[in-house]
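Take this structure, written in structure tokens, and hold onto it; I'll ask about it next.
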Amino acid sequence: MLSFLALAIPFLMGVISLVVPWRRWIGWASAVSAAGVLGIGIALCIATSSHTAVTAFHGALRADSLSSFMVVVIGTVSLLATLQTPRVMSQEIAEGTTTPRRASYYVALMQAFITCMLTAVLAANLGVLWVAIEATTIATTFLVSHYRTKKAIEASWKYVILCSVGIALAFLGTVLVYFAALHSGVGTPGTVSLNWTSLMAIAPHLNHGVMRLAITLLVLGYGTKVGLAPTHSWLADAHSQAPAPVSALMSGVLLTVAFYALLRFKAIADAALGPAFPRALFIVVGLLSLLVAAVLLIAQRDYKRLLAYSSVEHMGLLALGAAAGSSLAIAAVLLHMLGHGLTKSTLFISSGEIAHAEGTTEIAKIKTLLARRPVLGGIFGCGLLALLGFPPFSLFISEFTMARAEVDVGLWWVVAISLVCLSVIFISITNHARHFLLGGDSSVAVPLNARSVVVPLVAALAASAFIGVSAWPLLTLLRAAAHVVAR
Amino acid sequence: MVLFMAGLGCCVLGVVAATVISLERRVIVVTLVGSVGCLLTFTAASQVLVSGRAESFHSSLVLPLAGINLTLDPLGALFVAMTSFVGVATLVYCVGYARGELRSRSALSLLLVFLMSLLVVPAASSVVTLMFFWELMALSSMLLIMVEQRRRVETRVAAQWYGAMTQLGAASILLGLLLLSTKGGQTFGDIRSHVAALSPTLRSFAFVLTLIGFASKAGAVPFHVWLPKAHPEAPSPVSALMSSAMVAMGVYGIVRVGNDLLGGGTLWWWIIVVALGVVSALFGALHAVTSVDLKRLLAYSTIDILGLVLIGVGCSGALAASGHPRTAHLALIGALLLVVSHAAFKGCLFLGVGAIERATGSRSLDHLGGLIRRIPISTALFVVGALSIVAVPAFSGFTSEWLLLQGLLHGFVGKSSPTLIMLLVGVVALALTGGLTAVAFVKVIGIGFLGQARSTAAASAHEVPRTMQIGMGILCIPCVVLGVAPGIVIPLLNRAIQTGHSSSVSRPVETGIGLSLVHLRGAIEPMLLLAGFVVIVAVIAGANSIRRRPARKVEAWRGGGDRPTARMQYTATSYAEPLQRVFADVLRPEIDVEVTHAVESHYYEQSLSYESRVGDAIERLAYQPAIRAVTRVGLAARRIQNGSVHRYLAFGFIALLIILVVLA
Amino acid sequence: MSTSFYIGALELATGAVLVCAVMTLWRRQVRTIVTMLRLQGVALACVAGVLAWHEHDLGLAITALLVLAVKGVLVPWLLRRVIRRDPRSRETAPLINVPASLVSAAFLIVVSYVVTSKLTALAPSAATRLVPIGVATVLVGYFMLVTRRRAVSQIVGLLLVDNGIALVTFLLTAGVPLIVELGSTLDVLLVVVVLQVLVVNTGARHGSFDLDEMRELHD
Amino acid sequence: MTDIGSSLGYGFIASLMQVVLVAIGGPLLMGLMAKVRARAEGRVGAPIYQPLRDLRKLMAKEGLRARYSSVVLAAAPLVVLGSTTLAVAISPLVTTHPLLSASSDLFVIVYLLLTGSITMALAGLDTGTAFGGMGSSRAITIGALAEPALLVAVIALSIQARTSNLPTIVADTITHPVWTSTPTRLLALVALVIVVIAETGRLPVDNPNTHLELTMIHEAMTLEYAGSDLGLITLGAAMRLGLLFTLLVNLFVPWGVATGSSVLGLLAAVVFLVLKTSLLAVVVSLIEVHSAKLRLFRVPELLAGGFVLAVLAVITELVTR
């Protein structure tokens, strides 16, 4: 029932925003719906904390603690993103970059987007999961092209084409899994379905050759959506062109939702093939992503793209963590998802503000930001520090634990390579930040009087710091969730 | 442990205070709370040092997925005590020093965060705890360097360099420690119990990795590049904390991992350590001699002294590895005592430079002069630090270097030739640096404080606030006490190294009125020497002043010319010029002389300008090329994302084909 | 019906799908390419129909009708509108010329025969033997995406990939559960709608929709 | 108790004796060397006790101090003389049991002398005149370069004797005569001679009785001194010379140094010491006669040579062990 509610709330919100003409309160309402999702997520976590799954719709929707955790992540980031809606929209309407009609569309699409992601994490059937993730592409296309500029159109075109192809491959992979399940030799064909639980049950009997091909196609396909190299290319364009809250939502959760799908399939593949093959696969894509992110960040010119590539980097880290595969590693991966969601959405939202205030997203054109806009610059700076994995922010502890888990399974060389990449990334990002944040005198400081920006972002950073120092409310949940897909 | 946690609590409280309290009362309250915290931790640490019993604390709620582990054993306690002491002095100093940016909420809270992380690092007893606070230390210090970033671009560059180096160092430490914690369990206890099961190659690999990281924190050449940039740019209290406490953490790390966790290890590990030490000592000493900027000079002398410490640690490790535990202990005690006294005198010196800067507004020796008459008290305190660093007998520097030398000297017993060669090299390095350090600080005192003022600012300097003097004074105490009565701390050091080395031998140093080596021939009684010196000077002075009028004040000898002006004096550059010329091949100074001849004749010169800069050769030859190379790669890599959707699709297509072919 | 007829029909329809795919590479006229696509849609529907008849599977039958409706009618219609709006995309402008494309298509087909051996080995049957054709269609479609410069031809390429996957689905597993099938087909439709809207709107706003001009976003 | 008391008393007497001996002998040594040099150059030269006369005259004069000088200028003579005297008092010149013999460590002596040179260098800078700075710069440079050679040579001796305690080394050398002829000792001897020449400012490093501004080193530092201050400094320099010479001879020809605790032994030791030291002085001054002063930038080469010899001394000790 809870899971059904989780889907219903944003869906209804979307419908409302379509039928009711744009008012500022609709924006607030959308934020409320996101808060509702978050609340339900927490409720789900409590309900599923004792290793029991909650099902609805005759088992079509199934929430175990992993899905519940994902719901929480989605809820948190959506809340952050939707809290911006009223201000951003009325601002744009005032400036004439948007019409009230399109504002309503915007809200509706945001809600649709959230609904799709929730469906993806709550679906029991892996086919439905696929459908939902493909649907997110459709829902977000017009969000990406919201500003209707040539660049925005270009970005969304690339986004659709690349993601659809990738996702198509993922579908092929799913079909192969189904095929392998049909001919697993256990259970009558009638009983066989694409339900994750049933697949896990017969996983050990699945045909190896088919499963290898399947998992590889899945990694490549869903990897496109996750933003893993070599099919990461859409990410920078889409994130740099979309409205800031949308980028926040995409980078903060969409990527991790797709990664959630990979986690589910990896569990099956591990059971079917043993850990070696999936591990190798994840290591390859993970390291490749880190490498690509590192070299592309060195001479980066646009700070939104910079953030996008750092998403590629962090997805690579997640892949490596998943490669380790121990329950500790998965717990760290999940913690990293949450921390990355908080941090990256904070950064994207504040970068949107910066872009709006400065009128450019080029690093070279901005100087002495911290002096001129202390609040905005401060938030952005702290966000960067958090992103670079400094304590007390949670990314430090999750990255550390992932590295630890990787070394535990003998992947120290992977850790070594990734540390080299991380150092390069660290130096590049600090270098860029130095140029556009520091310097100047504070006499010309302009205060930022938008509480709806400052409060949520500061709260998000504080939350990330708190989780990094002491995640006692999450610890049991993390372990339970990790236990779902890792032994 | 309760006291220790209470002290840390005070630091946290101070952070809160820094953020909430209004400007006028902020500094005093924050420093007060912080000092109380430091006093508490100091008491806790000294209790452990005296009793020799380790205390620990664990909580799984803090630091998710691992939990925090703190253990205050004598080795850690030594560094905690040291840090707290310096912390108190620095905070007191801050009361008078803090102005402008340093009084801001962020700066003060960061200062306390930095102090707290410095206090926790030596007490951390699990990999995650260590790394967490290590990184916190790095972050807070990096931001503290940037406190005055709005004024100078150099500050930002320095912070960037520091950040980069510390990141690389932390990365290699992390990997090394993780390698050690593979066989289950990441607390130091687990590592100690499992380390024997690890393969020797793995252990060596881990040691080298951690060594790189810790050595870069200890400013060992060639990982030192950040140090001469960061120290000058940071506010003086911060540079004092960094140079005396943070840099020492590198030494702590090496001792902790090498001696404690890995329990000694093999010979060649320590040969590397000694090699690092020797290079750093010589390099640092030479650059200290030629530097003109006071803080830069102090930074290089930090590299020098820490190099000596590394020589001591390395030789001790080597001696232990080749079966001479007693001399090993002796050398290690010498090294640790040197660390402690370095913390005292270098802290004092950095605070002193802060005072000079406050009084004259300049850090460059060529703008100073005659300060002894303008700011006598600060001068006196600074001179105490300087005498201590040039190892004048009855000052802490001498005692520690004497112990170190004795350790090396009595190490020349074994037959293992690598050890002997190492000891020889170490001793030679010590001998070489001794004289150079003396030159550097004679230059500082003679040019900076004596003679005539070289600038109006120096001529009109005013004595700094009382609290600043007290801060320096606190640090002068150990400079003298450790020098005159080292017997006070030697027993504590004995305990500290018992936890260090796995094999526990009886105390290598007996302490009475002075120090005497056990079972070895060697002793000094600094107190008696001092007494003798005082008596003799008193006698001479007395005899000299019998029926004698006080000396008459006259003009200095004109040498046949006009009254000597300030510009006729030797400058810092010219003072060091002979040595710079002697060591030109190492220092690679960039000298440009510019002569414009008179129009009438080629033999007459209109004007002549001479400029000589001594840059960091290692940075120029090793780091800059690497940076350029990476940048080139980055520029080339842009072609990956050239905007063509077809190219992006091609990536996927090729990947797909490869997968299909590979799996077929 | 007799198995021989069943197999014959199946092979005929499946072959048609691949032939259409190759034809799209061959012909320059976008209009013809779209026609090819329609034919392919029909052929795909036939494959589904034949299988449904043979397996007596109602769900698959519904799927067949769905495919016919969407891929045989709706999508081509949408594409025609695009062409009408965007005069520049009457002619395909391949990055790799036609002969080379055809050669590489042949190569891709060989590859797909090699790589699918494992699949057919698991459950050899009349249908699964034809899986290579499906995979070949996917690869050809992907190839088209990479090498064709016009917006429409990219959409076509995408649809080829989809059709190919659908074909594989039918041949391997006689279709995935109906709900998924519905979802996926609907998604395909929506994607095409989205792309069509993008092209048309842009054409209206910024003059034309030219992929060659779409290279402003880069590092 | 009485034993300790007696030994203390004995040590005190011995140390006092050494101080007096060096205080008087140092200037005489300078005189002697001047005399020898004069004779070698075919002049009559001043009487040997001329330096003592000069000292007495200086002590009688009134003190003058430069206006821009600080406490350093005033304190320097005391510190220089004091540190040297302390070194003299505790080192084994006539006996192996001087006062504080426990801590009469080679490094202590070296660093006491270093303290003296540092103080002189500071005094040179104190008045803020060009010459003072020049002299101080040159002196400290030479000192810094001599330091390593000195220390390493000292270490070579200590390694051989397994201690750096000076009286013990001398005593052991007396009991092991072989040591004096080992290559280690000989190499160290040469190194030390070079160092001593540099430290005491003799030719070819520095010309003790030049007053040409551009060539002087030690004299430039003391340029601002007059009267009793100058007297104290000159005495300090003389005692430094005496100490280094006597130490040198005692380290390499230790015979005659009193090991027991009889006053007669002490007197004998004094005689021996005077003879040995004068001999050395004559040799050194003869070397001086036949050598011209080096350019300042040739000096490092000389000292580097000394340093290398010292290192060789250590190495030979390690290999011949």
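Here the chain labels run A, B, C and D in written order, and each chain numbers its own residues starting at 1.
Assume contacts are C-beta pairs under 8 Å (C-beta built on N, C-alpha and C of every residue); 3 or more make two chains touch, one makes a residue touch a chain.
All values derive from a computational prediction rather than experimental measurement.
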Among the chains, which one keeps its Cα centre farthest from the Cα centre of chain A?
D
Of the chains shown, whose Cα centre falls closest to the middle of all protein Cα atoms?
B
Selected pair, greater C-beta contact count between B-C and B-D:
B-D
Inter-chain centre distance, chain A versus chain D - centres from mean C-alpha coordinates, in Å
78
So how far apart, in whole Å, are chain B and chain D when each is placed at the average of its C-alpha atoms?
35
Averaging only over C-alpha atoms, locate the centres of chain B and chain C and give their separation in whole Å.
69
For chain A paired with chain B, centre-to-centre distance based on mean C-alpha positions, whole Å:
44
Contacts with two or more other chains occur in chain C at residues 115, 118, 142, 145, 154, 211, 214, 216-217, 219
Residues of chain B that contact two or more other chains, please.
637-638, 640-641, 645, 649, 652, 656, 660, 663
How about chain B: which of its residues touch chain C in the complex?
637-638, 640-646, 649-650, 652-653, 656-657, 660-661, 663-664
Interface residues, chain D side, partner chain B - complex:
62-72, 74, 78-79, 81-83, 85-86, 89-90, 99-100, 102-103, 105, 107-108, 111-112, 114-115, 118, 121-122, 124-131, 133-134, 136-138, 140-141, 143-148, 150-152, 155, 158-159, 162-165, 168, 213, 223-224, 227-229, 232, 296-297, 300, 311, 314-315, 317-318
Residue positions on chain B within touch of chain A in the complex are 60-66, 127-128, 131-133, 135-136, 138-139, 146, 149-150, 153, 156, 159-160, 163-164, 167-168, 171-172, 174-175, 178-179, 181-182, 186, 630-631, 633-635, 637-638, 640-641, 645, 647-649, 651-652, 654-656, 659-660, 663
Going by the contact rule at the top, pick out the chain C residues touching chain B in the complex.
95, 111-112, 114-115, 117-118, 139, 142-143, 145-147, 149, 154, 211, 214-219
Chain A residues touching chain C in their complex are 125, 127-128, 130-131, 134-135, 137-138, 141-142, 145, 148, 150-151, 153-158, 160-161, 164-165, 168, 171-172, 174-176, 178-180, 182-183, 193-194, 207, 209-210, 213, 236-237, 240-241, 296, 299-301, 305
